[in-house]
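We call the chains A, B, C, D and E, going by the order they appear; numbering starts again at 1 in every chain.
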Amino acid sequence: MMPLAIAGALVVLLPLAGLVGRVELADLGGLVSSPAAATALGLSLRTAAIATALVVVLGVPLAFALHAMRGAARAVARALVLIPLVLPPVVGGLALLYAFGRRGLLGEAVGGSLAFTTTAVVLAQTFVALPFMVVAVESALAARTGRHEAVAATLGASRTRILATVTLPALGPALATGAVLAFARALGEFGATLTFAGSLEGVTRTAPLEVYLARETDPGAAAALSLVMVAIAIVVVAVAYRPVGSAR
Amino acid sequence: MMPLAIAGALVVLLPLAGLVGRVELADLGGLVSSPAAATALGLSLRTAAIATALVVVLGVPLAFALHAMRGAARAVARALVLIPLVLPPVVGGLALLYAFGRRGLLGEAVGGSLAFTTTAVVLAQTFVALPFMVVAVESALAARTGRHEAVAATLGASRTRILATVTLPALGPALATGAVLAFARALGEFGATLTFAGSLEGVTRTAPLEVYLARETDPGAAAALSLVMVAIAIVVVAVAYRPVGSAR
Amino acid sequence: MTPDAMTPGAMTLDCHVVVQPRRVDARLTLATGRTLVLLGANGAGKSTVLEAIAGLVPLSDGHVSLDGRPLADARTSTPARERGIGLLSQDDALFPTMSVRDNVAFGPRSRGASRAAARATADDWLARVGLDGCGDRRPGELSGGQARRVAIARALAAEPRVLLLDEPFAGLDVGAASEVRALISSLLKERTAVVTTHDALDAYAFADDVAVVEGGRVVEAGAASEVLTRPRTAFAARMAARVLVVGTMRGGALVTDAGVRVPVTGGPGAGRRAAVAARPAAVALEGDEGPRAPGRAWIAEHVTALEPRGDEVRVHGTSLAADVDPADAALLSLGDRIAFGVPAGLDAYPLTPS
Amino acid sequence: MTPDAMTPGAMTLDCHVVVQPRRVDARLTLATGRTLVLLGANGAGKSTVLEAIAGLVPLSDGHVSLDGRPLADARTSTPARERGIGLLSQDDALFPTMSVRDNVAFGPRSRGASRAAARATADDWLARVGLDGCGDRRPGELSGGQARRVAIARALAAEPRVLLLDEPFAGLDVGAASEVRALISSLLKERTAVVTTHDALDAYAFADDVAVVEGGRVVEAGAASEVLTRPRTAFAARMAARVLVVGTMRGGALVTDAGVRVPVTGGPGAGRRAAVAARPAAVALEGDEGPRAPGRAWIAEHVTALEPRGDEVRVHGTSLAADVDPADAALLSLGDRIAFGVPAGLDAYPLTPS
Amino acid sequence: GIAPGLHAENTSREPSRTLSVYAAASLSEVMERIADQFEIAHPDVDVRVTYGGSSDLAAQIAEGAPADVFASANTTQMDAVADLVAVEPRLFAKNHLVIAVPAGNPAGVTALADLEDPAVVSVICAPQVPCGAATAELAALDALRLAPASEEQSVSDVLAKVASGQADAGVVYATDIARADGVEAVAIEGTERVLTRYPIAPLDAAAEPTLASDFVDYVTGPEARAMLTESGFGVP
């Protein structure tokens, strides 16, 4: 087991080391204070946070709805939810354009007001991050026996009360997992944002887009900015993500 | 709940509908039989399957190792594992080049033979998909009380036996979730592959890269190929992914 | 139950529980305010019957109705929360994410009590099951018997119209069992309740009616005194701490199938199947050969088990049992053939309907 | 245990279990081949002691050693799998992903048996606990008592050097309990074992030694006959189905703290604390006033509970109890002041060391 | 590829040698035709072209990508791999900027100055990438202050925004118009003041140096010049 675990860790850590190796540490300070980078990082954190909140609000009910489905319908619905994961992000961006763009399914009114806005960034991030929450919560639901819910019902509790006091607290670890994955994915989102929302400093140019752009002129600086993103993500995740061992 | 679930579903389904709307259905048949598309799809399925297997082999031990860690070390290690999720894929690809490229950390010998081969495609996919398995298995481990493992030990079972017959079977649903997410992510992987492995037909040009290429000259055809990818993913996922309700 | 007690009125719990996959097909009727104790071997279907009545297990067939209102049949089912039927399940199924107090307060809160009132009620119930001061703990931090008591408090605090208790005293220590038995016994006085148990004491403590389940079917049912003192199956007899002698009435005596003549009082007409039930303490024991005391009918059986019970040893034969002095029991070995002396003049009762 | 039985030899289970967070601090010594029955109220610490011995709960302090070999102390701990100590835990903890047969075969397989041999062994054990034919089911498809029996079969099939059984008969029906009791009793003859129970019958059935745990400490320990017939605490007396009369020896009689003089035989010297233990069946009952039969010492107490027990009703006072005819009990109400008649001439024994 | 002709399969002969060409994305259409013609002239050769942003390609070449020839869309990226090229790079094509508008030109854009109006939703390349640098240079010459809704990463991204109708106008290379569906060109006055130059060079690591040189010769030769001109490129 241990050699494999180390090999697995190396798959992640060697590229990180490679990235670190390309950065002159002197650059790091200057970068974080560079206004473009700071703006992009701020925008990324803000949009990823909102997208994560949306993912919770939309993804949890969706997971419950999926869980309530049966048979083939459920299998298909479950696979449909994974689509944003399978679609290459650029194609995902195109699909978002076809749906929410100016000439998209929802028409000019909606599309026109979304185009090239921060809202579009949030929508793109929500699109790509949603599957993580749905999958995490749905598999946690599938692992539940329903025994506690049944007992709660014999005690006279309404559906809402059972949901709020029995089911959701028990889903705590799954929610944390889903939210952390969603946040990380939203933070790293690049292709769909670029394709659907564009790239304008302070409005739609998130940190990954800034990194991509910086790379054209200064690969070292791009690597440094990536590292700052990684560092921020590590801090956020380490603080927010403590999968609690659910008591029996 | 229900309106939110529907809203969540729409976030995924509207873009899908947009994509479908752009495809002349007549194209679909021709597409699947077009040699380039077929080659790309075949390559994608093959590499994604191998990557998923690698993710299982490396990710599960890594999740156990993480689970065995304590305190701050664990929080940091857990966040480090999420790096491939946070890094924009193109930066991930660059990081892979810095590690496994010709001028990378592992030096000319490894780097010269690895980058820009089908192996590189698999490595890139493994890199981006690994976090899903680790997170799924680790949070399942955290939710276990360890009671069954303890009882198994009093029955005289070795660690290996406990792992193989008690722990792993109980992790079934988490393994399925992790494998499905990993497979989907590997199938959709674009940026890291392009950067680290290049885009050579039959060798490194997976379906997402083929879609990207086609997108400029024939958006309809690109959308059609995306749909075929989605359809394949749906079939694979619907067949493979049945989170079983773990008995108590 | 006797045909009389079974008359379904408007105010009854009336059910025919069929759960195919568990091979259960049991009919029960219980008048409002009465307590039915359900006896049966492991796997007989007791829990299944309770869970079906509570709405936790779907019926394959049959029906459940309460006070004339249908609650469930094979096609329709009133949700558990609307049935007003509380269930203490065999597994405690405490909510692991809530404190012990919140577990017990769950029922009152669900019925609309304020948070403060519900907590006060919970603390009150916790005190009544002997767990004051445990309210702030998590269920995972309790001993087995403590958890069971919390589950009991939770079920009682919800104050349902009908209470179903699945082995309420399993795992309780002697003191707690006797206190909780008294508590439940007083609560059940005004309440419709079904209680399963493996302990005859429970049946004596609060049963109005007793039903015996065997292989998913109710094989014996009626008023507690009737079923406990006149058991018609070996199992029911064992539950009532009695042994059964079965035979055919012939000339005012009960003649066993092996031909032993047991003088009895009463009993049905000649030729009818009948039984007498004796307490093991009243059964005498002698060697298979040799002199035998008069006033008893002697039935020879092999010794199947010797069970030390405090001051006495219970000697089990294939169907009979006798409590004897340890000194006497010490002379016996498994497989020995001995004679059980059943007292003459026991009350005989018919086994088949006339 | 008596000082003699407690002499720690090389061939013993010797432990001092301290688990701070559960307030347990218990010392136990058990000679090889003997069976110790652990009695105690809910939450007393019985399961904690067993789990610490098995290696499932870490010691805060103290030690566990087997046959002179240290297994654990506050700092070091031999892994559970290397201790050769089997545990039947209070929760069944069956492996949910395995069939019932594979659950039972788990121990044999772990000890190196071939798959076929282990399965044969498993089927054999399943038959011995009365579950032939259930091998292919999943644990989730069993009734409560069936699951318990599978857990018992699994623990026994592993054939550990030392067997720890936490409430082995909880939830078993009368028939199964008596069969499994006989089975375990025969198995424990050659085995070192610790068994917890709330049922005095178990102690009588297979205890060589008995220890009583109260509040995490061992308050009474010794040979079974000693602890069961000469209990020194009310709880131990209750477990042995006896009531305790405590007092000070004065002129060959036991004088209770309320001043009642109980004629006894034996007992320690004058001025020493002593006790007699009586069976409730041997205690008589009279109204508080009025004539009282001779040959008994009469102690007045309030009625705290009336417990129907088949042919009799057990009348509980604050410390005493008496089994009386239901007709007599019907005249009593809770709170009535009545006189319990303790027989004269019972064997008195000292409560404090001389 | 998806589009017939992108990957002409020559089934009649069995190519025994392969040539790997890394070419800027803006060359995709014309480079396919050039490669086809080269293969006809060299029946034993299979030319495989990898397209991408010039900087991506340069980074990959630097990390050991199996490229025999590099055709870049600007000199900066060619300079980035200067130590890996076999011989001095040669310029083989030029390009100039135009305004791309959706079919029908719904916003009625006629000049680069129209892109100063925020009401016209316009997109340009970011100044960090070659086409964006050129756009900025051109705007500066006329002292225009463009008000783009987005500064994209590449020409392709600009084209996609225009083609999808998301943007009313975008600045791209003249040759890109032909590559995209549903896009029309609006000429920019004085666009020839800012030209983008395409260098090409065989690489040191080429498996067959001679073949690589032959291909570079062919691209800079008269037949290829004709095809480039036909596709709208300027030639040196």
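In this text, a contact is a pair of C-beta atoms (placed from the backbone, for glycine too) under 8 Å apart; a residue touches a chain by one contact, two chains touch by 3 or more.
Because the structure is a prediction, the values reported are computed rather than measured.
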- Which chains contact both chain B and chain E? A
- Message: Following contacts chain by chain, what is the lowest number of steps it takes to reach chain C starting at chain B?
- Response: 2
- Message: Using C-alpha centres only, name the chain that sits farthest from chain D.
- Response: E
- Message: I'd like the Å distance between the centres of chain B and chain D, where a centre is the mean of that chain's Cα atoms.
- Response: 56
- Note on the structure: Per the C-alpha means, the centres of chain D and chain E lie apart by a whole-Å value of 88
- When the C-alpha atoms of chain A and chain E are each averaged to a single point, how far apart are the two points in Å? 34
- For chain D, residues contacting two or more additional chains: 91
- For chain E, residues contacting two or more additional chains: 59, 160
- Note on the structure: Touching two or more other chains in chain B are residues 90, 94, 97, 104, 147, 215, 219, 222, 246-248
- Identify every two-chain combination in which the chains touch. A-B, A-C, A-E, B-D, B-E, C-D
- Which residues of chain A touch chain E in their complex? 94, 97-98, 101-103, 111, 115-116, 194-195, 197-201, 204-205, 209, 212-217, 219
- Message: Residue numbers of chain A touching chain B in their complex, please.
- Response: 1-2, 4-5, 7-9, 11-19, 21-22, 57-59, 61-62, 64-65, 72, 75-76, 78-92, 94-100, 104-106, 123, 126-127, 130-132, 134-136, 138-139, 142-145, 147, 163, 173-174, 176-177, 180-181, 184-185, 187-191, 208, 211-212, 215, 219, 222-223, 226, 229-230, 233-235, 237-239, 241-248
- Item | Contacting residues of chain E [partner chain B, same complex] | 1-3, 6-7, 9, 20, 25, 28-29, 48, 50-52, 56, 59-60, 62-66, 156, 159-160, 163, 179-181
- Task: Under the touch definition given earlier, write down the residues of chain B that touch chain D in their complex.
- Result: 147-148, 150-159, 161, 165-166, 169-170, 172, 246-248
- Query: Which positions of chain D touch chain C when the two form their complex?
  - Reply: 40-44, 47, 90-91, 142-146, 148-149, 166-167, 170-179, 181-182, 198, 200-201, 204-205, 228, 235, 238-241, 279, 305, 307-311, 316
